[in-house]
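Following are the structures in question.
Both complexes below contain chain A, partnered by chain B and then by chain C.
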Partner chain A sequence: MDYLLNITASGLVLGAMYGLIAMAFSVIYKTTGVVNFAQGEMMMLTAYIAWSLGMTLALPFWLMLPLVCVIAALIGGLVEYAIIRPMMGEPPFAIIMATMGLAIVIRSLTILLWGVNAEGFDASVKGGLLEIGPVVLFSEQVFALAVFLLVSVGIWAFMRFTRVGTAMRATALDESAALLMGINVRRIHSLAWAISSIIAALAGVCFALAFSRSPSMWFLGLQSFPASILGGLDAPLGSALGGLLVGVSANLSEGYIGQGLKEISGFVIIILVLMIRPYGLFGRRDLERV
Partner chain B sequence: MADILNVTNVQILYDKTIEAVRDVSITVPEGGIVALLGPNGAGKSTLLKAISNILYPEDGEVLHGSIRFDGQDLTRASADHIVRSGLIHIPEGRRLFDTMTVEENLVMGAYTRQRGEIANGLQRIYDLFPRIANRRSELAGLLSGGEQQMVAVGRALLSRPRLLMLDEPSLGLAPQVVQIIFETIVRLNKEEGLSVLFVEQNAVQALDVAHYGYVLENGRVVLDGPADKLASNRDIQEFYLGSATGGGRRSFRDVKHYKRRKRWLS
Partner chain C sequence: MKRTMHSLGIMAAAAMVWATGPAWASGQGVTDTEIVIGNVLPMSGAAAITGRAAHLGTVVAAAEINAAGGINGRKIKVVTEDDGYVPARSFQSLKKMLADGMFALIGTSGNAGLAAMLPVLEEEKVPTIVTLSPSLAAVNPVRPNIFMLGASYEDMLFAQLKYIKENRSPKGKLGLLRQDDDFGNQVELAFKRAEAELKVETIPPIRFKRGQSDFSAEVLKLRSSGIGWLISGGPVVETPAMMKELMKYQLNIPVTSVPTGMLAPVVKLAAATGMNYFSADYVSTLDSEGTAHFRKLATQYLSAAEQADMSRYSVTAYVSSLLMFNAIKTCGKNVTRDCVSEKLASNKNVDTTGITPPLSFGKDHIAAKAIRVIEVMSTENKLVERTPFAEY
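Moving on to the complex of A and B:
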């Protein structure tokens, strides 16, 4: 029983990181209709920047984290402005290829600047083991869960209760109607990219703290994509939940069935789920008036 | 009376090749109601989209000509700037945000306004259309067509426009609902001096409401005049009002006079 609880808990932690990145995917997709295949790489880049700020420049954690968020927002905004905006109106396939190109550029750039070695990331959240009943977690794992919960609630509240968040949903639903309301659609797109980059950056920092920052971190992006599909690519909260599901099932299948299943279990689940609900668990089906 | 909107010699192209509107000039006087009539594909909707500058997602552009609203040139202004200036456009088919509630839709209409104005603005719309007041928390996509049109009009009014543009407000609606919509518009025009420019296929309805009308065909203005003059025009009666005089057989050679009359200047 303790074994089950413990692998479920660490699965939740892994799922929290998947969920954050999946949310990042879906914030961009929902608002702009673009799938950003460089999400994992942008996450890795900001994690490296965070590492440099925290380790090389030795900034305190409470200063490093907001600074990383600002940098992430700028990177996201820049990518939108320089690569995506000029390509608007091109076929979606072309835009996807552009983000894939960007992904490879960032991967190489990271290795060029920081080298190929993985390095540990020590920060003030490293506080040893925490025991919650029979479950034992590292403090940085608890931190990841906390970040996940805060971001999920934050995104939900932002989309639901703020005017800009509502405008974001409106833009997602009907772009030209949004234009006619006087919503600056371009600014909304930039904002979506910035928000998504911040969420991904937080995931990257959590991951680097819990494990290490390494040039293979981008792979986390690839593993989070099924989570987003599972929850619904146009549903940020659904994607977050999809992340948890994929994380837990990855850990359970590895713990009870065998090594190697961790990587593929997420994909197995999405194949099964998509057969029943092609738009994801929480994706939007077009509303039909009867 | 000063003019609130002046469209002068506008030419609009799609994909840089297909000419949708050619040398069209229309004027909306301050406090006036102007109707744009014409068959499908005449360029009426395109003209409205050009005025509110939302043609670029469809690869349309205004090649030359000018659009002036309230003294300022809006030909190259951004869509949100145009809304802020007081010109709002209700598109064909209403285009509500289906999976958002009625109230959220209305709040989006006030996107360019101060936060403090929203509560009053909403109350005003609910007074204007009591039917949507008690459906405010329902999803807009689940409303009936007529209620949706009321939300669309309300949403537009929340931006506090000085000129309201409507694209086929009667499309697919019951005559009774169309009546309510038009009555509201006329009331706003009379009480608050709201200027109105609307596109309509239903010429009887349109000329009944409007002060002035333009007839567009194939991207050009072929006829224009005060609404009562247009309504008594023989061509209009023949083609748009469907009241052929006298009955019996008529040769098509005898109608559409304006097509054979040379119009050097449009």
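Moving on to the complex of A and C:
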């Protein structure tokens, strides 16, 4: 039994990181209709910035984390303002290509600034072993789960109960109508990018704490995208749940079947789900896919 | 008028012969004053840590021999092309260097890059010492101009397993976590050999995809199967990631790794787990007595920043350079590719300044098959040589 519980718990931790990035994909798509293929790279860049603040400048974790969120928001807003906004109205393919180009630029820039070596990320939340019954987790893994829960609840509450969140939902439903109602759609788009960037930054910090910060971190973005499709690209909470499903199914399939199924189990689930619900588990039926 | 045109034609042809004549000579990479030695290495990208270090090894060797007057009056010039660890770029880099004039090759990038370059190297008869990543495919079948420095991953891992079995008496079964590619196949050969020759109990190998960071499910599976010692079949940071999971379940068991496990960033990451582990090498470690001469040269010819980038890959590249220079030297003034390849094959017991026992390329075109088992004391950032050099 402890085998099953431990495998599931580790899968949840991995899934929480997938889920956070999947949520970041979803927040942008839901509000602006853009799929940001540089999401993994933005996560990596902010994780590197966090590492520099925490390790090089030796800022305490409680100060570093909010500072990274602010920086991430600025980066997200800047990308929207400088790259995405001028391209509004262009074919979706062109915007996708722009985000792919941005991804390559960020990857190269990261290596240029920080080098190619992987480095550990020490922080006050790291290093302890927590035993919850038969389940053993590192403190940084528990931290990742806590961040996932807080962000999920926070995003839900923000969308549901705040005026800005309501404006974001209105913009997602009908941009023209939102404009006519006096909503500053441009500002809403910027905000979506900023929020998405903050979520990605938190995912990056969790990943770097649990493993290391390395130039291959961007790959996590690629692994998380299917989770967003599974949960519904226009459903942030659905995407978060998709992440958990992918993480747990990957671990269970490795633990009980093996034979390389870890990598493909998530995709098998996605294919099965999309055959029944082409718009994802929690996506809207009229979703237009690109 | 016709006569004038005819004369101009002859002059133009003569000019072309004049122009292309020296170009042909330099196309072989040898002039009266210079010999060009090439490297195709990953100087950027994820594997740059190895490529940059290897480049420095050849730079040190060239500086040393040039300071001593060169080889039979000719200076050595090192040219390094960055392939970014992308096989298509390895091929392009090689073609470019050959067009620019390169005599011999030492830096041969990764296995896939080498495979892309092999047909051209063979066709152009370029004397080549495969150095960065030993690949049996390079010397099997034996080619007249292709040589390899270093034992196989199979031998290096088997040496560690033999040492562990004889000296650490592991309690439990031998496990293998291996990458799902050609590198992993080579690692698995050691596992199978240990199974057959050391008669140890094993757990079926577990494969993982390149780039995987999380090994929680794999380690839990090994734990439930009674793991007592583990072969890490990950090329770089996978080993500390596996060890972190082992530590989580208090499985302080012997772990073996390929030589990349001794690179400073990997040791630093492993230190966080508090676990020591094993590796093996066919050259002396960078901080040992065996590399004292090399370190002295490095301080003389490299900047402080460059010295910080050095690793075992600098040492292996330096050794390959010594072997290549020795072959060129024994050809005398008439340096041709055929002669150098022949001398590489026939020269015996070349001195490597104590880095390895004296080296010769055997009939299989492989040198430095003697291996030393090393224990990586990660928390102390120290490499301790546990066995003398021996063939396995």
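The working rule: the second predicted complex is superposed on the first by the 283 of 290 C-alpha atoms of A that agree within 3 Å, B and C clash if a C-alpha of one lies under 4 Å from a C-alpha of the other, contacts with A are read in each partner's own complex, and residues count from 1 in each chain.
Quick note on the criterion: contacts are C-beta pairs under 8 Å (C-beta built on N, C-alpha and C of every residue); 3 or more make two chains touch, one makes a residue touch a chain.
Predicted model, so just to flag it, every value in this text is computed and none were measured.
Shared-chain residue A:Phe138: touches chain C; no touch with chain B. Applying the stated contact rule after C-alpha superposition, one finds that A:Glu254 touches chain C and leaves chain B untouched.
Touch criterion met: A:Glu175 reaches chain B, while chain C stays clear of it. Of the two partner chains placed around the shared chain by superposition, neither chain B nor chain C is touched by A:Ala192. By the touch criterion stated above, A:Ala167 is placed in contact with chain B alone, chain C being left untouched.
By the touch criterion defined above, A:Ala118 reaches chain C but does not reach chain B.
After overlaying the two complexes on the shared chain, residue contacts for A:Leu102 are found with neither chain B nor chain C. Taking chain A as the reference, the larger set of touched residues comes from C, when chain B and chain C are compared. After overlaying the two complexes on the shared chain, residue contacts for A:Glu263 are found with chain C alone; chain B is out of touch. On the chain A side of its complex with chain B, the touching residues are 89, 163, 166-167, 169-170, 173-185, 284, 286-287, 289. Remark: chain A residues 3, 6-7, 10-11, 13-14, 111, 116-120, 122, 129, 136-138, 207, 211-212, 214-216, 219, 250-252, 254-255, 258-260, 262-263 touch chain C in the complex. Note for the complex: chain C touches chain A at residues 44-49, 180, 206-209, 211, 213-214, 216-218, 220-221, 224, 236-237, 240-241, 244, 248-249, 265, 268-269, 272. The touching residues of chain B, counted against chain A in their complex, run 52, 54, 57, 59, 78-80, 82-84, 88-91, 95-100, 104, 107-109, 111-112, 115, 139, 141-143, 155, 159.
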